[in-house]
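Next, two complexes with chain A in common: one pairs it with chain B, the other with chain C.
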Partner chain A sequence: MLRSAPQAYWRWVLGRIWRVRLAPFSLIIVLIAIFMAIFAGVIAPDSPTHAELGDVLLSPSLHHPMGTDDLGRDVLSRIIYGTRASLSAGIVATGIGLTIGATLGLLSGFFLGPVDTILMRVMDALLAFPGLILALAITAALGPSLINAMIAIGVVSVPRFARLVRGQVLTLNDADYVVSARSIGARNMRILFRHIGPNMLTPIIIQVSLSVAFAILTEASLSFLGLGVQPPTPSWGFMLNQGRDYISQAPWLAIFPGVTIFLVVMAFNLLGDAVRDALDPRLRL
Partner chain B sequence: MIGFDRRRVSRRMLLRSLGALSVAGIVSPLIAACGGGSNNSTSTSAVASTTSGGSTAVASASTGGGTPAASAAASGSPAAVASAQATSAPPPSGTKGGQVTVAQSSDATSMDPAHTTATVDSQIYSSIYNRLLVLDDKSNVVPELAVSWEAAADNMSWTFKLRQGVKFHDGTDFNADAVKATIERYLDPAQNSPRAGEIPYVTGVDAVDTYTAKVNLKQAFVTLLYSFAGTTGTMVSPTAVQKYGDDYARNPVGTGPFVFKEWIKNDHVTATRNENYWKEGLPYLDSVSYKGISDPTVILNGIKANNIQATYGIAAKDVASVKSDPNMQLVLKPSTSVSSLRLNNAVAPFDKKEIRQAVSWAIDRAAIEKALYFDTGVPVNSFLGPQNLGYDKDITLYAKRDLDKAKQLLTAGGQPNGFSFDAQTTNSSESLKLAQAIKSQLEDIKVTMNLQLLDGVTLLQKLVDKQFQASFVTYNGGVEPFQGFNRFFYSKSTIDVYGYNSPDFDALLLKAAATADQTERVKLYQQLTDMLSEDCPWVFLRAPAQTELFRKEISGYVFNPDGVLHLETVSIKS
Partner chain C sequence: MVAFLIKRLLATIPTILLVTIAVFLILRLTPGGPAVAMLGDQASPEAVAALNQKLGLDKPLYIQYLRWLGNALHGDLGRSAFGNQPVTELIVQRIVPTLELSILALIVSLLIGISAGVIAAVKRNTAVDAVASILAILGVSTPSFWLAILLVLIFSLKLTWLPALGYVSPFSNLATNLKDMLLPSLTLGVILAAVITRFTRASMLDSLYQDYVRTARSKGLEERTVILRHALGNAMIPIVTVVGLELGGLLSGAVIIETIFSLPGNGQLLVTSIFNRDFPVVQGLVVVIAIVFILVNVAVDVVYALIDPRIRLG
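Showing the complex of A and B:
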């Protein structure tokens, strides 16, 4: 009985999200993207990397719905495979940011004192850099590859999570149920993970959704600059850069990856907004 | 002698000379400067692109001692090449007046030929300066400031008869003293000039009389004429050099068709007509301007709008649209450069000739040329392209893709199930295209080529450090291929990065080094290329095109295989 209470809560949350404007639309796009990433090998009509030199720069047709690129590769297939790089970058980078950021935020907010001061000053320093510039610098230092791009983007997202979690801990620390738990002798770990942790899930989920969007966009930017996914592995950002050279002869090379990046990033952003709208007690739907 | 040769092949010299290589796919500085996604590729190409001068810039590396010994050369035929034929009189047609703006990928770097090998600078030099010799459209060396020349019987010196009555723009007489001052300034260690490496065996110049200069060598150097027909033959005014000192690079004084007027840094260089030019009736134009514009689209639009009248290095993808534009005239010729996949012959799997040949047979050069380059360049299967001396058009090896043969060779080489290797390439979009296409073609013989993307400087450094299995590089060796043969494939070359070792090749190369007669030498070059195609130390891929683009109003332009736009005969049709 007790166990079903959170489930009911989340069902209620989903129900509210669904009613936010554009939320179903963004949710569907996100689900399609995840589906494409997982089943790329099955649904992609062609190889994403094999050059067919007889078919270069074909305009969109029934056989190649998004045309072919300068090496005769099917653009649709490359976009489908490119989802893998984008989503994995989004998820892994956010995972890195969340794990490190939340841990630091918890420590900082719970113990306060010098730990808090030092950690937060470091976070401030990181926040002082524009996200993309910092990611560029880190990737340039580590060397160009998808993994390094993920690490870089993860590092960039750390301070956002750290500050968010720290703020939540500070607020929740004074909540009645935490004070009472402490008064009956609950240990720090129990208070952190049993009482404070679950109660700050909502803002974290919102931040995760926004962070994934940021990570996808940043990965595309890094790949555009040649610092992310290494060719011939497809990535949206790199395809966009490649298409730029042919913008007058073969505009589809740049349009389709561009539109894809736009849709997916927007979907994650809208989803984050929807979660926030759905859960914000001050808003009435 | 050898000891002297081995002097200081410092890392810097090496890199500088490597600069003469442009990195695979970088067809021209123009493309390179904008094509790449990263700044690195841009900067490489800036170093990388050298034209006629660059041809021999490589020599500075081979100075390292890899040169066939002097003894061999000394025993060579005491041939004398002379050309008394004066340059044919310019066509008297053409209307005076008008201005031409040439757009190139970046602004000039220096107006002093002693201190740059950049193409953007060589272009401007062709207007302000003259060289001792020039190439004609068939790549023969013809007179310019020198009217005739002759090698000594032992090939240890060359004597040049100079043109009389030529004056520098500042009034200084052009004579043997000027030649001596210019060449010895290039050689002066204090100048640290990249030109020194292009004339490695020159020890000095004697002014025999007012109009006779004798160039002394410490060993036979049969390709000296080609160095002097490149930017290294550029003659500067000794008085101006004295007068301006370090500021000479901003105050150039030559004998050329146009007189330097101004250099607005990061924008343009302008030169106006030399009214006293020694070529009667020339030039036609009032002035020429060289403008640095990094975005090729802006350049093409500029030509459409007639703000720009000439440019060079058009990307293959733009060739078709430019050709069909009635306002433009396109000159499309094979360049002197060749793109290759360079293999490290010293390590497995490319230590086996069969494996190297298998890779070469598996590549469909014609399909690549058509799909990626719209047939602007020429597929090649030898070290030399159609514009190089010694090009052998009859080499049929690898001319047509043969997968069965490739598979047989793989089996013969002990890799029947294919293998995988790492290939380095720059991260510019042009070189990536080529590399990815070849990767796909090699998949058909189960050979997996993993691409390692590097910036240009790192790629060249890895070559020097022998940290590669294969590497995509485009080499512009100029018309005369000797330095290239010597540097890359002579087994005693100091920068022996490729591990090719063939006594037959070495012997033939030594023979070529001592053969001053050009027809004979070209025959030897053909044999050398044949040998290289057979042994396949590199997989030769294509000769990119040399493209030059003019407004339709431009007339009188004469193409030169040195890659430089010579504007003295150009006029504007009204």
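Showing the complex of A and C:
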């Protein structure tokens, strides 16, 4: 009976999210993006790097539904393969931010005192940078590449998760069930992972979804500036940068990657909003 | 008021110091060190050693930092590794386009965001509200560089109403300058307006159902006065906070927009310096941007305290 309680809770959560306006739409887009990233090799009609100099800047047609670029490469195939860079940036960067941020937030909120003061000062300093500027500084040091962009965006996300988790720990630390657990002699680790941890999942899930959207957008921005994914590996941001040069002759080069970034980022943003609306109506905007 | 301001400014000193340490350390993460990054992997050890000596990179880290900090406190942020120009001079030379872009974009975002948010809240649950809310969601997820390209495609290439790029200083020709700045500030402003719309709507909805609004209505005041003076006046407090937070987006967005529209501002300087691996410029610029961000947030706190008499100053 006890074991099935979390499952029932998650079923209830999913049911509520599904009923939020636009949530099914965003969930479908996210699933399509994941499918495209995993099965790019199967569903892409062409190789993303195969240049066909006789097919340069072809407008959309049945053979090339999104046209071809300045080297005659199929834009649709490049967008499908580009999902890999964008989604992996979103997931890895958020993973870095969540793992480091949540650990620091837990330590800070639970132990308080000097640990809290020092950690939160450092987090404040990192929050004092506009997100993209900090990511640019880190990329400047590490050099342009997808991995370095992921690290940079991950570091930018750390203070947001740390602040969130710390706030949750501070609130939950005084909850009746935590006070009760402590009074019957439960150890710190048990209180943290058995009682406090599971109860702050909702705000963390919301932040994860918004953070993936931020990471995908920032990776696209870095790649657009030439500081993320390096050619010939396809990435949506860099494709847009190339498309800019041919905007009057071949507008599809900029339009399709832009629509793709927009749809995926919007889907993750909406999903974050949907989780919040479903689980915490007080925060609804 | 002055005491409040001084207290807030003093509180920023540790953060600013940590920011300078963070930037300093981040740029020393470079594999092989900054000198190797600037000269390339093929550089001879002698050339690397000479550049290290020139930039003071052969000294222990804490000495390098303290020396840099001491100079920075006197307004000296070092010299560009290419061309030897002082970093401070480079930043000051390019301040006008960045400042102009930021101010114009902020004005655009406030005009669009606050009006759309107020209308959406007043016309709650109507088609107008739905359109404003959908546009706000679209705005939050639209990459600024994509919107810029689309606006250039429509207004510069198809309609030929506005220039696609170029910049004339406002001091030499204000009319041409404003024409040049219209597309860049519109792009950045529209993106920022999305968040302001969402917060204004939420804040207005909260405010519209408060007792003071009911009292104002029962006194027989015009609906316009009730909404603009009583409801919006009180709804402005959370909106000001969000505008403060959005300034980070403004500074980040400026980097991309300046690059796309070839505006000779600090954002473009940052990107060029990263490509040239000109670390002294990158370091100086990132620190200056972070300090501006911190100080603007102090200013936002002051405005916040001024418009909300419930917040005690001191």
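As a working rule, the second predicted complex is superposed on the first by the 280 of 285 C-alpha atoms of A that agree within 3 Å, B and C clash if a C-alpha of one lies under 4 Å from a C-alpha of the other, contacts with A are read in each partner's own complex, and residues count from 1 in each chain.
Please note the rule applied: a contact is a pair of C-beta atoms (placed from the backbone, for glycine too) under 8 Å apart; a residue touches a chain by one contact, two chains touch by 3 or more.
All of these numbers come straight from a predicted model, not from anything done at the bench.
Counted by residues of chain A touched, the larger count belongs to C, out of chain B and chain C.
Legend: residue contacts after superposition of the two complexes on their common chain; A:Pro231 is shown touching chain B, with no touch to chain C. In the superposed model, A:Gly54 lies in contact with chain B only, and not with chain C.
Legend: residue contacts after superposition of the two complexes on their common chain; A:Leu71 is shown touching chain B, with no touch to chain C.
Look at A:Gly131: by the touch rule set out above, it reaches chain C but stays clear of chain B. In the superposed model, A:Phe262 lies in contact with chain C only, and not with chain B.
In the superposition on chain A, contact of A:Ser221 is made with chain C only, not with chain B. Shared-chain residue A:Gln242: touches chain B; no touch with chain C. When both complexes are overlaid on chain A, the residue A:Leu270 reaches chain C alone and has no touch with chain B.
Residue overlap on chain A between the chain B contacts of one complex and the chain C contacts of the other covers 224-227, 241, 248. Against chain B, in their complex, chain A makes its touches with residues 49-54, 56, 70-72, 144, 224-227, 230-232, 241-242, 245-246, 248-249.
Considering their complex, residues 22, 121-122, 124-126, 128-134, 136-143, 213, 217, 220-221, 224-227, 237, 240-241, 243-244, 247-248, 251, 254-255, 257-258, 261-262, 265-266, 269-270, 273, 284-285 of chain A touch chain C.
Here chain C touches chain A in the complex through residues 14-16, 18-19, 21-23, 26-31, 37, 137-138, 140-146, 149-150, 152-153, 157, 198-199, 201-202, 247-253, 255-256, 259-260, 270-271, 273-275, 277, 279, 282, 286, 289-290, 293-294, going by the rule given at the top.
Looking at the complex, you find that chain B touches chain A at residues 35-38, 315, 317, 321, 364, 367-368, 370-372, 427, 429, 432-433, 436-437, 439-441, 443, 451, 453.
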